[in-house]
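A short write-up of the structure that comes next.
Chain lettering (A, B and C) follows the sequence in which the chains are written, and residue indices restart at 1 in each chain.
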Amino acid sequence: MTTATALLLADLTGVAVFAASGASAAVVKRLDLFGVVFVGFVAALGGGIFRDLVIDEVPPLAFADWRYAVTAALTAAAVFWLHPQLARLRTAVLVLDAAGLGLFTVTGTLKALAADVPPVGAVLIGMLTAIGGGLGRDLLTGEIPVVLRREIYAVAALAGSIVVVALDYAGVTGPLPLVAAVVLIFGLRLVALRRRWSAPVPLVDDPGTGDTIRPSSERGGERRGV
Amino acid sequence: MTTATALLLADLTGVAVFAASGASAAVVKRLDLFGVVFVGFVAALGGGIFRDLVIDEVPPLAFADWRYAVTAALTAAAVFWLHPQLARLRTAVLVLDAAGLGLFTVTGTLKALAADVPPVGAVLIGMLTAIGGGLGRDLLTGEIPVVLRREIYAVAALAGSIVVVALDYAGVTGPLPLVAAVVLIFGLRLVALRRRWSAPVPLVDDPGTGDTIRPSSERGGERRGV
Amino acid sequence: MTTATALLLADLTGVAVFAASGASAAVVKRLDLFGVVFVGFVAALGGGIFRDLVIDEVPPLAFADWRYAVTAALTAAAVFWLHPQLARLRTAVLVLDAAGLGLFTVTGTLKALAADVPPVGAVLIGMLTAIGGGLGRDLLTGEIPVVLRREIYAVAALAGSIVVVALDYAGVTGPLPLVAAVVLIFGLRLVALRRRWSAPVPLVDDPGTGDTIRPSSERGGERRGV
């Protein structure tokens, strides 16, 4: 297996996992078959479409290479029919999702750097590639995006994209450091899930007592998934 | 009347119908005059703006040709002032909307093919051109997009864009086959409306009984319109 | 201080104010630190990213010049920690927001004209540059965009962008007329705030009595802010 084939396989695995997450959210909202496939498509490919528009790679990969759209659609359709069985796979999906997060961040950051985007912009584009699909999924299903509310998710992507840009700046080349960045994001995300880490939430004034409290009910909650 | 004039008139009719659908949804939400016109603009031109960004035709037609924006704005403003009378035209609007769906799908697919987008991508872009405005309309008015929930709407567009790409692949040229594709989408949509066809919805576990049911209340319901 | 420096400072002030407005809306929704910074980023830079995509200036300024993203992120983080104190600054923020509205409209319109967008398109792009970030902020926080519902906000931007395009059409050059356009938008917005002007809302049928009424409760209400 060549490196290109390995990369494509890894990329399509990420697409499938994100499509499953989107389809699963759509099933919960009782969307119809088309809606489930569409939300799966957006969750899997929305971040990459945004990335490609921003770095002027048109048409975006999601439209230029049929394997991306077909992978997303087939996975989402499978979730539509199989979702009662998939509920048992929740842990597996969370682990694969963490892998997809790592992969999409690193490839997104690399593509931005290759398109001559300066460092800070490349960091942001890498992170947006990874979280953009989930944002689209949540907007389409009428939710405030979960990535803005809870847990370490985007922050893991951010840490990874900073590492990729720093490696590029330091002139480090070769696939190994990039694999390390994927593993870093993957590991951060898994540890955060396990320990129920979350980013701080703002202090709010309790309307009842006037006390300033940090609402515990908002922390470390469940995450929507298959 | 030349073909170009006929096409422009047909296109602007589609813009007007979609603007009416957006404005009508905005009136229901009691948005102000600006909000009604803005949602009408997005419903009429959002799909085309997305299409043009993706195929790198910039500035998008909605900004490059003033007749599009003006048609959308005037129609939406008319709905703002006349909507009590328009309620009686509900059937006419649904029929015109089906015509707009057919037209936007076919022109969107053709533009994608002309921009050298491969077949699967062109099918997707054609469909997104037709349903993108409605998605924007529903997101702006705080609804889960109706196209993801009910009835045969996007699927009719999808069928039509597949036909257009197949005709192109087979080397068929001339306006007649394209008109046939528009009519196909238009007809599919009207029959679906008439027979209350809808895409399948997922099986869900009834929280009360634990039985797996298909929720009948989600099927074949009303569609928001003027 | 050169003109370029003055313009950059003014631009970054607009970014900071819009970031504060986004962060403040996110704090109200109890998003976490990342969510507050992200919504601040979208509110400050979303309109400009849309503008740059539409006029094919890629990568968009928000990704090409690190000072924009850093200003937005630092301001939003400051709101996260300081928001109880900031509540007292509500009036100051509304005034600065009106200034940002004027500035973003004028620079957005000028950039569209410089990219050879025709007059009507340039007017629309200028207005969308100024209101796009607020639309993104409201969609991310699960609200129907406030700009579509109440008060004179987008309409002030629209009036200003029409003036800029008219000046360009008339061949008027130099910074002074542009400053006048900024001041016009700023003034319109402040007077509208002060007098609680709002755009008209549609007549609706009262479901209880069947009378056609104009709902008074929808008019001239509060505006979300720090």
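Rule of thumb we're sticking to: contacts are C-beta pairs under 8 Å (C-beta built on N, C-alpha and C of every residue); 3 or more make two chains touch, one makes a residue touch a chain.
Since we're looking at a predicted model, the values are computed, not measured.
Novice: Taking all residue numbers at the chain A/chain C interface, are over half used by both copies (same) or under half (different)?
Specialist: different
Novice: Can you give the rotation angle that fits chain A onto its twin chain B by Cα atoms, in degrees and rounded to the nearest 5?
Specialist: 120
Novice: When the centre of a chain is set as the mean of its C-alpha atoms, what distance in Å lies between chain A and chain C?
Specialist: Chain A and chain C have C-alpha centres separated by 29 Å.
Novice: List, in ascending order, every residue of chain A touching at least 2 other chains.
Specialist: 53, 56, 139, 142
Novice: Show which residues of chain A lie in contact with chain C when the two form their complex.
Specialist: 53-56, 112, 115, 117-122, 124-125, 135, 139, 142-145, 147-150, 154-155, 198-205, 212, 215, 218
Novice: Using the touch definition from the top, list the residues of chain B that touch chain C in their complex.
Specialist: Where chain B meets chain C, its residues are 26-27, 29-36, 38-39, 49, 53, 56, 58-60, 62-66, 69-70, 80, 83-84, 139-142.
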